[in-house]
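In the two complexes below, chain A is the common chain; its partner is chain B in one and chain C in the other.
What follows is the complex of A and B.
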């Protein structure tokens, strides 16, 4: 129980200390405004390109892909932020393991990402007449939760790179563009170059986007269990890679002397 | 007396070289030797001062001993364990403060900062409340413990850092220029705190540019210059060496001694 309480407090304090916005206006602008504008932009482009009236297919994809904001710009930059605030060395030289430091930080971002998507769906339903029957919402929320989990696990891998470099922006941009472009949110995976398709299958969110579109088209959750399990397992694998990378890269950073910004 | 006990910190022929790349297209590798083979021992309960000019290698030494930097060669042991390779036997028994205002979460309150690090140091929650009360009282921040750190003055931030460093009841504390930028009153309060820490039987490794601070606090001092230890003794011992070498019987201050070893004498390795 003590460990669980410690985990929860570490999660909330590290989120509050590094990421949490300080006012309602800031939250609306940064956590909601920017992602939602992006969702509207890509959905309207899809309407123009594909020439369809019902763009729910693309709207759903773009709503789910919003989780990448928290994954990349929340979880992905956490170790760089620690480096900037001079606290990374305190964490690394503490008795806590990489898992103890690393994982609690992703927890709140999972729920924050989920909230962003839900806001996106509300806005979308107002603008694009998106409608999902009430009976499908529990299944849809489950898909969102799994999607957000695997996206944050991907963010953990990105954040490890912050141990070695101070110039993380290049990586962040590539990673965020990859999530926008290779997950099927905006472009059909089967129309991509053959060599790119396997990369799309290895990306987080690809399966969740497919599952949520199927659910919208009338599939039952039981029909989607396989694909959802695949996304969850991918999240676990990405998380395990992140934890191993943290351990290896911390050691490399200690050898190179790059744990601190200055 | 000290040499009869085992050193809590043992440094032997410690070297550290940093590599950097220069240029954009035709990059050239440049090496900087920050430590050129320093040696010293620190014994339990000592306040050991490490003095030297900027870039002499003081912070590099502390980073190695706090397990944050790997040595290029030589030996750096804390409690008999290698600082690189056996960190897990060291980390829960030490803590450190680097000068300046960073190393805290400014958006959190002082209390939340300590709670976070108490969890990181796996201090049982049942003990945390009493421990935090005691630490806030010790560093004189009880009244502002719920205020955000960004509202603290530099001196208050430094005192909070001391409270953070005492959370895990460390046996050894590393203080790297803790009084950097503090006003005289805050610096005096900090000195008092360091003395209290030592009185509790903890070992302190202190680096500073303030000679008066070193003179008042340190049991022994190593003067380090350009990656080499150029003198190591008690203040009285250093004074005698400096007087003999300079044929000067005047009552030398620590500043005179420091200048003598840094500028006025050929390097004599210890």
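What follows is the complex of A and C.
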């Protein structure tokens, strides 16, 4: 029980550390305003380009892809922020394991990302007449949860990369564009060059977007279990890669004495 | 003459140093490529004209706008962060001219981003690029560049005393893409928003470029040229007034470097 409480406390502190400096207005603009504007923009482009009356297919993709805002600009900057605050060495020297360091940092963002998507769906239902039957919502929420988890796991890898470079913004923005372009949110994946398609399949959210579109088209959750399991396993693998990367990088950095070098 | 020297020196200095920032490098070098590819994929099966207007020029204009958001609008904030705002503010060369020079320096890079996206999208997709009237294109691009400089100048003035500059510059990017028809026709928007769109000069610039692609007579294009010029002058006038007011406010409140 103590460890669970500690996990919650660490998750809360890490989340607060990122946003506490902002006013409520700034927090809403960053966390909801920018993601929703992006969703609206790409859905409107899709409506013009694909010319379909029911735009929900593309709207769902763009709504789900919103989780990347938390994954990349929330989780992805965590370790760099520790470095900037001078607390990275304390973190590395602490007896916590890699999972113990990473999990709390991603936890609240998973739910925050989910909330952003839900808010986006509400906006979408008002503007684009998006409608999902109530009976499909439990399955849809499960897909969202898995999507958010795998996106946050990807964010942890980005966070590790942040320790290697001074150009974190460059990494963050390229990663966010990759999420927009390679997950099938905005155009069919088979339009991409053949050599790029496997990368699209390895991206987080690709499967979740496919699953949510199938659910919208009438598929049952049982039909989608394979895709969802694939997304969940991808999330676990990405998180494991993040933990291993963190462990190797910190060990090398400690050995070379460059842990906090910019 | 001295002001012109300050303007040139400030623009040259900004042109050399701004590209050193990773975010600016992303905006002007990487984003035109990625955005161009993304929009190219989306517009792949539309007509050559739509492809030219939105995938080729749209991606370039959007990255130009992003460079305004992430540089010109935030340069004052950056100077404040570096602790150099007071120095350039009090410099005898004139704060207004230094800031304008910075924005011109950034805008040269912004214009280059249009060239990058044009080249990348043309080379990768091998689609026919349709330009029916090169004169309208030239006029549209030149006026648009001048107008974006004016907007950058206005934002610089507005953000001189704002603590929210960093947040606002992140928020401003997509609303302009949506409102101004940079990435899709504004006819997709509700009628009320379309009227609002004409308060923003990029809307007029996109219309001129649209005529460059689709073709149009002087009678058709001239209202947009006139509208864009009036708006640009309006932005400049407001900027100058803002800088005068800020000058007085800074001296009274002494909050120039307060976060």
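Just so we're on the same page, the second predicted complex is superposed on the first by the 251 of 262 C-alpha atoms of A that agree within 3 Å, B and C clash if a C-alpha of one lies under 4 Å from a C-alpha of the other, contacts with A are read in each partner's own complex, and residues count from 1 in each chain.
The rule is simple: contacts are C-beta pairs under 8 Å (C-beta built on N, C-alpha and C of every residue); 3 or more make two chains touch, one makes a residue touch a chain.
All figures in this text were calculated on a predicted structure; none of them were measured in a lab.
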Quick check on the chain A-based superposition: chain B and chain C, clash or fit? fit
Which partner chains sit in contact with A:5 here, chain B, chain C, both or neither? Use first/second/both/neither. first
Between chain B and chain C, as viewed from the CA centre of chain A after superposition, lies an angle in degrees, nearest 10, of 90
Quick check on the superposed pair: does A:18 touch chain B, chain C, both, or neither? Answer first, second, both or neither. first
Looking at the overlay, does A:90 come into contact with chain B only (first), chain C only (second), both, or neither? first
Examine A:186 and indicate which partner it touches, taking first as chain B and second as chain C; both and neither are also allowed. second
Please work out whether A:255 is in contact with chain B alone, chain C alone, both, or neither, and reply first, second, both or neither. first
On the A-aligned overlay, A:101 touches which partner chain: chain B = first, chain C = second, or both, or neither? first
Rounded to whole Å, what minimum CA distance do you find between chain B and chain C in the overlaid structures? 11
For chain A, which residues lie in the overlap of the chain B contacts and the chain C contacts? 22
List the residues on chain A that touch chain B in their complex, please. 2, 5-6, 9-10, 13-14, 16-18, 20, 22, 85-87, 89-96, 100-101, 254-255, 257, 259-260
Residues of chain A defined as touching chain C within the complex: 22, 25-26, 29-30, 33-34, 37-38, 40-41, 44-49, 166-170, 173-174, 177, 180-181, 186-187, 191-192
For chain C, which residues are in contact with chain A within the complex? 22-23, 25-26, 30-31, 34-35, 37-39, 41-46, 54, 164, 167-168, 170-171, 173-175, 177-178, 183-185, 188-189
Residues of chain B that touch chain A when the two form their complex: 16, 18, 63, 66-70, 84, 87-88, 91-92, 94, 96, 98, 100, 102-108, 112, 115-117, 119-122, 124-126, 164, 168
